[in-house]
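Chain naming follows the written order as A, B and C, and within any one chain the residues start at number 1.
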Amino acid sequence: MTTAATATGFQAVIGLEVHVELATRTKMFCGCRTDFGGDPNVRTCPVCLGQPGSLPVVNRGAVESAIRLGLALGGEVAPSSQFHRKNYFYPDMPKNYQISQYDVPICSGGVLEVTTSHGTTLVGITRVHMEEDTGKSLHAGTSGRIQGAEYSLVDYNRAGIPLLEVVSEPDIRSAEEAQAYLTELRAIVLALGISDAKLEEGSMRCDANVSVHRPGEPFGARAEVKNMNSVRSLGRAIAYEVDRQVALVQAGGTVVLQTRHWDEDRGATSTLRVKETLEDYRYFPDPDLVAVEPEPAWIEELRAGLPELPAAIRRRLVDAHRLSAEQVATLAGAGLIPVFEEAVAAGSPPVDAVNLLTNDVIALASERGFDPADLALTGAQLAELTGLVTDGTLSTKLAREVLGDVLAGRGTPREVVAERGLEQISDTSELAAICDEVIAAQADAAQKVRDGNRKAVGALVGAVMRATQGRANPRVVNQLLMERLDRC
Amino acid sequence: MADELTTRSALQLRDLVAHGEVSAEEVARAHLERVAATDDQLKAFVTVTDDAALAHARDIDRRRAAEEPVGALAGVPLALKDVLCTKGVRTTCGSRILQTYRPPYDAGVVERLRDADVVVLGKANCDEFAMGSSCENSAFFPTRNPWDLDRVPGGSSGGSVAAVAGFQAPLGVGTDTGGSIRQPAALCGLVGVKPTYGAVSRYGLIAFASSLDQAGPIARSVTDAAHLLAAIAGPDPRDSTSIPKPLPDVLAGLDDGVSGLRIGVVAEFMAEGMSDGVRAMVEASVERLAGLGAEIVEVSLPHAGYGLAAYYLIAPSEASSNLSRYDGVRYGLRVDGATTEAMMAATREAGFGSEVKRRIMIGTYALSAGYYDAYYAQAQRVRTLIARDFAAAFETCDVLVGPTSPTVAFPLGELTADPLAMYANDVYAVPASLAGLPAMSLPVGLGEAGMPVGFQIMAPLLRDDLMLRAARALEAEVGFDAMPRGPNALAGAAI
Amino acid sequence: MSLSSEDVRHVARLARLDLSDEEVEALRPQLSDILAYAEQVGEVATADVPPTAHPYGLRNVYREDVPVDPLPHEEAMSTAPAAEDGRFRVPRIVGPDVTGEDG
């Protein structure tokens, strides 16, 4: 996508700031629930409404989630970190300051391994820090957007929900890498179970800092691009922004430090505001809170309790099951690794399982408009299906059909096969008769085979398959046809 | 009987109620009548909660009659500084911006007072958001000093102090950020205690400067103050800065005297700066302590002189952020504007008084880009140096002493035009505040114009007990008469 | 330390105070004097002295992740200067959304 940039001699430099809304039961600094939806201002208390005199108390669960994510990313947990106040006025922020972390975040450093079609690269993690979410404003008026609204209505249900902000180094060089980074980070967050990480619903949010430069020259001024709510829109927004900046510089213009808004419908970014100087947030340590100094024993306990992470799982799949990196990437991207592992554990040959998943399951899900991982396919069902292929009961083509019925809830693979009479015909005498009919009916094709064009047999095999509604064992058919045509 | 009741100490009232000699309702009525009779002159209360006070008193009487449990100070009336949240009861902070604000919850201190069955008579006036040393910064009216109605009671807890000094209530709760309990107590001839930072919950205490604010007792005697402190102190999990263990028992050794204690006189506090009348009383008090068997040593707090400068950076910086929430969106005053930004700026402009704006401006400036290190960070380092000075002094002394305030109460209006001169009132109070130490003032005599003089005692962290013990011994020796007198004094409590 | 009127106005904008011209001119020398006085903190404290935020060195104060009942909706809204449909109503917001949540 950024080939335009590289072709023009420009290099994109991209860093991502990802906010992860934690799935703790309660808010960052008070006991209000973090549930989604429902009526406005029903999950609030003096603390998250910023009522005079109220005070914050840190949610231990949020600290735990932050440490686990930091460790999963290979970072260091700060022996002592603190909360700062970030001061600015905005009506969805109850205290007109956000409690966040500033010079010493809870976790620093680490790296994320990112695989794209161009290979694997490492993206440095700058920091993971804790902060509180803001409320939500509804803009009344024609557009529903802030511009042109007559007035706004504020709901503080979301105010105070814990967020982790994950900041990457500016190590990303293309839209594709950015997408892979976000996908990988999301997979880690999901593996840790610390957030439902739904970009579409805002429980995971991604801002991109994008600049361009010619290699060897200093980095250009960056634009912070906001409002991408899917992996796809992240890619589109970055590609657009890189092209825009390259075109601007090539035309003799200068990129200025600014915040830009991605408009998914228009497929373009537009200026939200120009940062003439850095905002003056008047950060200072929050005097209502005390230092966070996790005991080493707690950190080690959390480290020991980390689940196997996506990269390790992928490496293991390649090593143990001889899958290709591409196959693993496809499985991972579709969230099908757990089903694959269950199927293999249930006796499925890895190659059959991966083929069914990467070809048929993903295609079927796409036809039905589902996320593949959301299909109710179990590893046991998949293993049963591959077993039916292995023992010759089903052709791979029929296996896909059976899969469709299984996913439609019409029974287990065996039940579907029995119900629909789909067992593969391997009976030589039955198939021999059909082969003879096909040779007679397609004399031209048969003659070509006899003349030595062995590839021409494909048409005849296809005809047999059609005649048996796909139930014939293609290997047996091929053998029977060749016997007949060689003999003559 | 009603006249007599208002002159009684808190403990006497507690005992009278406990023994059934008077009802809690009679006690409450007597004090409410005194408020009604005198508050036109004194202006101690912003809101008098007669009905709630009488209802609470009657409930205490009912429970006593039914032999149900009552609290440790059942039936004792109290004036509550109007910076502590009371559910459904107007809590103004002496500010227009909260003039009609009714909090949806009670402060931790208010819960503790209720547990002790202390009867809250109402919400006492104060400098706006507790910023001031004269109670003249209240948006509503200045409070008067019962010893001379033309003089200030001190601040910021001027209303609570005036109420106790004017015999409207035997007890008051104030808050002290840089002397706001101790200085008015000194100016009105009362005992005022700033406990160890973290000993009393700040939950529901509307913040001025979070790292310094601490609620504490105001009383006419050390013993009454100690009992009130015992009632309100203790851990509160809703306040992250609350010390998660109880204070040492402040009542057990209260009367143990000072014999054998090493008492340090802070040399820097005794240098120039205080009035002759104050100096005479402070020096006399040191001599009395020596006469009681204490060992007197001179100690130095070399960085104490920088305390006021550090305080006037730290407190406004924290305040500028703490007061950002008053924006007309969720509660309090709103002044209309075409846009939210205009509405916020107009609301804050109209809602805050000049001293509050001045401190918001100082704090905003001190925290802003490029100045943080020179101001706020440096002030926090000075804070470290002052805490170290105290720690060193406490290696050789049990408690430290000195003046509370450089002068006796000054006439209304005298310092309002000169902020720095007003701030200088806090010079002896802020070092202990910055170090988080317990510190208190007790009256030791009269100075210029026959006005009371306060004597300050400071103790190590969590040694509020030792501080109160030394104060109790000195109090007994001084025998200060807390009844205001003088040509312009509020008429005595026996009305 | 001497502040210009523009300095004072800039700080007032940060603090969301719609100061009158008279206030700006009154505050200018006052703030200058107070800050000049406060600057003496620079005389003693050196960089090797750690800052103190709290005299009593508490750390690791947490609450468990256990829900507590919220305020009833009516109480949460009881203090609202203006409300509509269970939400706090504010006039048109001009400034770009710093939190990136709109549109």
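The criterion applied here is as follows: a contact is a pair of C-beta atoms (placed from the backbone, for glycine too) under 8 Å apart; a residue touches a chain by one contact, two chains touch by 3 or more.
Note that this is a predicted model, so its numbers are computed, not measured.
**Q** Between A-B and A-C, which chain pair shares more contacting C-beta pairs?
**A** A-C
**Q** From the centre of chain A, which other chain's Cα mean sits the farthest off?
**A** So the chain farthest away from chain A turns out to be B.
**Q** Using Cα averages as centroids, what's the distance between chain B and chain C in whole Å?
**A** Distance between chain centres: 25 Å.
**Q** When the centre of a chain is set as the mean of its C-alpha atoms, what distance in Å lies between chain A and chain B?
**A** Taking the average C-alpha coordinate of chain A and of chain B, the gap between them is 58 Å.
**Q** How far is the middle of chain A from the middle of chain C, if each middle is the mean of its Cα atoms, in Å?
**A** Those two chain centres are 39 Å apart.
**Q** What parts of chain A, by residue number, touch at least two of the other chains?
**A** Where chain A meets two or more other chains at a single residue, that happens at 46, 49, 51, 57-58, 89, 91, 96, 152, 154, 280, 282, 287, 289-290.
**Q** Can you pull out the residues of chain C that are in contact with at least two other chains?
**A** Each of 14, 16, 53-54, 58, 61, 63, 71, 76, 79, 88, 90-93, 95 in chain C touches at least two other chains.
**Q** Mind pulling the residue numbers of chain B that touch at least two other chains?
**A** 101, 103-105, 211, 237, 240-241, 320, 324, 327, 329-331, 340-341, 344, 364, 368
**Q** State the interface residues of chain A toward chain B in the complex, per the touch definition above.
**A** The contact residues of chain A facing chain B are 46, 49-58, 85, 87, 89, 91, 94-97, 152, 154, 278, 280, 282-284, 287-290.
**Q** In the complex formed with chain A, which residues of chain C make contact?
**A** For this pair, the touching residues of chain C are 14, 16, 53-54, 58-68, 70-71, 73, 76-77, 79, 84-93, 95-103.
**Q** Going by the contact rule set out above, which residues of chain A touch chain C in the complex?
**A** 24-26, 30-33, 39-46, 49, 51, 57-63, 80, 82, 88-93, 96, 134, 136-139, 145-147, 149-156, 202, 205, 207, 226-227, 259, 261, 272-273, 279-280, 282, 285, 287, 289-295
**Q** Could you please specify the touching residues of chain C with respect to chain B in the complex?
**A** So the residues of chain C in touch with chain B come to 3, 7-8, 11-12, 14-20, 23, 27, 30-31, 33-35, 37-46, 49-56, 58, 61, 63, 71, 75-76, 78-82, 88, 90-95.
**Q** What residues on chain B touch chain C, complex-wise?
**A** Interface residues on chain B, with respect to chain C: 101-105, 196-198, 211, 237, 240-241, 243-244, 303, 306, 309-310, 312-313, 320, 324, 327-334, 336-346, 348-349, 352, 354, 357-358, 360-362, 364-366, 368, 374-375, 377-385, 387, 419-420, 423, 434-437, 461.
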